[in-house]
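Heads up, there are several structures right after this.
Shared between the two complexes below is chain A, which has chain B as its partner in the first and chain C in the second.
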Partner chain A sequence: MFVGPFVIGLIIFVYVPIVWSLYLSLFEAYNTVTPTTFVGFGNYADMLADPAFRQSLVTFLVFAAVIVPVTFVLSLTVALLVARTTFMQAFFRSVFFLPTACSYVVASLIWKMSIFSGIRSGLANAVLGWFGIDSIPWLSITEPPWYWLVIVTARLWLQIGFYMILFLAGIQRISPNLYEAAAIDGAQGWKVFRYITFPQLRATSTAVLLLLMINAFQAFDEFYNILSTFGTYPPYARPPLVYLYYTALGSGQDFGHGSAGAVILTLIIAIVALTQGRLLRLGRRDD
Partner chain B sequence: MEQNVFRSQLNRRSLFALGGAAAVTGALAACGGNTGRETATNGGATGGGGKVTLNQWYHQYGEQGTQQAVERYAAAYPNATVKVSWKPGDYDQSTAASLLTDAGPDVFEYGNGPTIDMIKGGQVVDLTDAFGDTKSDFNDSVLKRVTYQDKIWAIPQVIDMQLLVYRTSMLDKAGVKPPETVDDLIAASKKLTTGDVKGLFVGNDGGAGLLGGPMLWSAGFDYLTDDNEFGFDDPRAATALGKLRELWQSKSILLGAPKDWFDASALTSGLTAMQFTGLWTFPDIKKGLGDDFGVMAWPKLDASGKDSVPVGAYGSCVSAKSQHVDEAKAFAKWLWVDQTSFQLDFATAYGFHIPSRTSLIPKAATLKAGQAAEAAKLATEVGHAQSPLLWTPKSNTAFGDMMSRIVKDGADPMTEITKLKPIVDAELKRVQA
Partner chain C sequence: MAIVRGRRASRVAGWVRYSALALGAVLFLIPFYLLLRSAFMNEADLGSPTFHWLPPHWNTANLTGLFTNPAIPMARSMLNSAFIAVTQTTGVLVLSGLAGYGLARIPYRWSNAVFYIITATLLIPAAVTFVPSFVLVSTLGWISTLQGLIVPGLFQALATFLFRQFFLGFPKEIEEAAFMDGLGYWGTFWRVVVPNSYGFVAAIGTITFIGTWNAFLWPLVIGRDQDSWTVQIALSTFLTAQSVQVSQLFMAALVAIAPLLLMFLFLQRWIVEGVERSGIGGD
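On to the complex of A and B.
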């Protein structure tokens, strides 16, 4: 009875739209959510044959291949440092966690307009100026692809703190006895990490990896806000959701293809998540 | 400074849940409680004094006083009670979504009129009758943009335009004359570049998003032919588009300005000598530069090409789902065809725009003299609708991708055009089926 309102909300706002989306994906649905022209799997075939959609999947893979390991290593490192420090620990924890509270949109605009603007007064170019280097239009040029630097640093800044907290929680659950035993045996530094801390963080690491992967799949905000100009988005660094946004929503209102793309994406995420869970044995206790 | 149709497609930041994203839009619109519509209207009930109640939607204009102005116009209408809804945020999308339900507006504005899919889907009604003999008085290119199969689907409210603006003193100092061809322009841009001051600013993407149309027009082509077929499968068009790559490689264009081309600050703060921007920036340019600026169209490719400027307009449309279609049509006609004093007020008293009826231009005090008068003349004489009605969002996305590859990556323009054509052809076939 107490979960009633929640379940109703879940059904109306989650399950009905998902089922409806599946339904739409089988129809030609321009500017309508009650379509009449059944096209079977035609929309799916169109999306899979669309080079721009396939390119967006490749973009995602490139992005995930960079952001997942880098965030993992950096947040674990920060967590270890913060856990060890006895000096102003609360302060450091808060400082690293604070960016998590910042909106992706706001951070993106700061990155785009203040730090990585193309003119001399942008922070990055001002620094380059001290060394006599010409201004770089970070977000305009594709050779070299500096825009990745902007996008990746924005996301790192935003999310490292959150994963640091997850790792910290994991680290604090490790029994001090283990470390004492190790110290008695003469283990220290890297060896302690390699044989005690890291294995003990197995469940946390698995969860973090899974979350990172799904987060990367859902990449939208910083890409959209950093790279879109005036209703257009360049054909590079365009992750699947951004592409679908332009197909299905935007002024396109092509719900058939948009839903088919969303279903394909959902399936990919599900498969990746299940495979990853199987490989890393998600749900096992830290032991 | 947000009152212009060119910005209407922007500023969409949005977050939607994975999967079911499309459906959520519809579901939310259907569930939305505050639709701006009085409950009574849904039942077709009438307001006080036996008058019907009409709901009219506008996007949120940036200029002070605009909202009060449209409310004043609405209150002055004698034959119905008109309720104005001022919609902040993602106007295009929320309006498009609301048209799927019966909680939408009766009369609403939409950038460059309704989309072809709205017309084909029967979501908007034919407004041809509203024009009567005033049809020839409306800006040609804009009217053509809202016409499909000889029927007019929106009444243009007010015209916005883009054009090339330059700092006269900087050109004089460098001994550069306002360029007459695209090659002149590239040469001028190089000559005007000194250190951190660049010659030309055409957007942070090097004109990939902004100048596809103007480059086609400069060579005498258009997106589509008059018969609605692919319009630029031609080596000469490839040459024209390739000029943007040449400009990109000249290292003389400004890239990465904090505020993009729609804002005058790159020009007024001295980052560039010339800028392709909107008419709406004129008050800012005047404030920053006084009279030290000149205007011109985007130049022709060569002697056999043509000058051009893009024009766009919010068009007033009537929803087919309205309970009072006839009354809504009558109101739209009254305001945007008959009430010339309101049209003039709306175009000139708050922001900087051109009335869509040509006969009103001489009456607009803001457009009487100087650079603004020249701009208004360009809009009438060499104005092109940003893109044709049948140029669908999918065609536009593919075109934008192509422009980016040509300009930024140096892709071969002719190969790219050949790749684009089947996508556009398929869309043309779809919407004309």
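On to the complex of A and C.
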């Protein structure tokens, strides 16, 4: 009566689909969700051999290599600044947190059509114009790949506030006694951060890194909305979920390969989460 | 002397800190400002080669046009989004609240196995399994239906896990008193535990609502017909197809985020708590 409804739903809507797609991934299934020809691990071999699939994993790695450390450092910095502030603290916290209310679609709209629109009246190009610099067609050229700047800044704006809140909560849990002891020992500024605040934030930091990693792996919304025009997505900058979306639900409706891809991605993310979770627990045991 | 220098140094540090915060705040508010400004501009001014801080001609026709233009299903998609967000949030709160309480308080034979079944799915983000879920939902014939959009999202392992953690810390004495008065688990839960947990329910409820309102991938996969579009899908369709006027698109986006901005204004405390709880896993 308490746990039952939830567990039944979870089994039907989470476990059954996963098992079914494990099964489907061993078959050919074009335009149908019932398997036709058994192909064994053929779909998996195809996926792993497909340069586009491997390229999507590379795209994720490049994206994560930028977005994870930059979000981490900026949200920690903002949290430290806000935590030290007494005057207008609630105001600053709200301003940085506010974009959390915004969807990726709306942010993509503002980034694509207003800030980074290729014309002179786009804010980025207007600012460049004040310094006498020519307009940059942010999204319509690939060399240099300015579109990365558009995508990364949109995600930064959307998620810095969220992680700032996590760091603020962590900072508030640090005992004031530690800071008093540090003050008596004459520690100031950077030293306090290096030897007290940062080590005390270890659990928070690990959780934030894990979340950043998982979220980067699931990136879809801003890539899709910023980069696709007139219903077509460019062949570059396809992270795993974008690739999977076009494989399984594009014109081909290839559910055999799509399921194999979903299984591979699920395994990757589960391994990442488990490894990082293990590290988190080890970190706690040290404390 | 050293103290005076220290004070001056800390005053300088304070100025640096406030300048950095003020600069950051301006940068963070600019996108909202651009959204607001562009929503009230007309096409000619938006496309002109000069950047305008304020609309040269105030244009309110976008707002009325949004709900009268038959090519833009704004009213319908806002209604869909509202219905989905409200039912899904309520459903998650009831299902996960009950399950969390059961896991925390009611001993039975397979409780360990059930707990593992639930927490194992924490490792798998729902977005990664959209292909399997699509296969199931299309087999059920639920493509482009509200139940197809709502039901698969009702079973949130994270919410259940957080409720369990919360109820484990709930003062047992209150429940024992209720038991003495002859209330069973069911009565105790609804009449004693729930009324004393509104803060936590509000925290989980607000972030679930935000997540549902802003969801994109699943509504994109399932909402094929225009009648089943959520407001995010309507916006995205017009953004990527560039089929409507840009200024009208900005007005649509402004209307789409208005409910959440209001929520932030009045319920920010609970949203912050929800973020803290869900981010750190409830400890």
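Here is the rule we use: the second predicted complex is superposed on the first by the 278 of 287 C-alpha atoms of A that agree within 3 Å, B and C clash if a C-alpha of one lies under 4 Å from a C-alpha of the other, contacts with A are read in each partner's own complex, and residues count from 1 in each chain.
Please note the rule applied: contacts are C-beta pairs under 8 Å (C-beta built on N, C-alpha and C of every residue); 3 or more make two chains touch, one makes a residue touch a chain.
Every value quoted in this text rests on a predicted model; they were computed, and no experiment measured them.
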{"item": "If touched residues of chain A are counted for chain B and for chain C, the larger one", "value": "C"}
{"item": "Which of chain B and chain C A:Ile119 touches, first, second, both or neither", "value": "both"}
{"item": "Partner chain(s) touched by A:Phe220 [first = chain B, second = chain C, both, neither]", "value": "both"}
{"item": "Touching partner for A:Ser175 - first (chain B), second (chain C), both, neither", "value": "neither"}
{"item": "Touching partner for A:Leu274 - first (chain B), second (chain C), both, neither", "value": "second"}
{"item": "First, second, both or neither for A:Tyr246, with chain B first and chain C second", "value": "first"}
{"item": "Partner chain in contact with A:Ala52 - chain B first, chain C second, else both or neither", "value": "first"}
{"item": "Touched partner set for A:Phe6, first chain B, second chain C, both or neither", "value": "second"}
{"item": "Which of chain B and chain C A:Asp254 touches, first, second, both or neither", "value": "first"}
{"item": "Which superposed partner A:Thr204 touches (first chain B, second chain C, both, neither)", "value": "second"}
{"item": "Those residues of chain A which chain B touches in one complex and chain C touches in the other", "value": "13-14, 16-18, 20-21, 24, 33, 105, 113-114, 119-122, 217-218, 220-221, 224-225, 228-231, 241, 244-245, 248-249, 255, 258-259, 262, 265-266, 269"}
{"item": "Touching residues (chain side chain C, partner chain A) in the complex", "value": "13, 17-18, 20-21, 24-25, 28-32, 34-35, 38, 46-52, 95-96, 98-99, 101-103, 106, 111, 114, 117-118, 121, 123-125, 127-136, 138-139, 151-152, 154-155, 157, 160, 185-186, 189, 210, 213-214, 216-217, 220-221, 232, 235-236, 239-242, 246, 249-250, 253, 256-257, 260-261, 263-264, 268, 271-272, 275-276, 279-281"}
{"item": "Of chain B, residues touching chain A in the complex", "value": "6-7, 9-10, 12-27, 31, 92-93, 96, 99-100, 115, 117-118, 120-121, 123, 196, 203-206, 208-210, 254-260, 262, 271, 392-394, 396-398, 400-401, 404-405, 408-409"}
{"item": "Interfacial residue positions of chain A with respect to chain B in the complex", "value": "12-14, 16-18, 20-21, 24, 29-34, 52, 105, 113-114, 116-122, 135-143, 217-218, 220-221, 224-225, 228-236, 241, 244-255, 258-259, 262-263, 265-266, 269"}
{"item": "Of all residues in chain A, those that touch chain C in their complex", "value": "1-3, 5-7, 9-11, 13-18, 20-21, 24, 33, 78, 81-82, 84-85, 87, 91-92, 94-115, 119-123, 126, 129, 157, 161-163, 165-166, 169-170, 189, 203-204, 207-208, 211, 214, 217-218, 220-221, 224-225, 228-231, 241, 244-245, 248-249, 255, 258-259, 261-262, 265-266, 269-270, 273-274"}
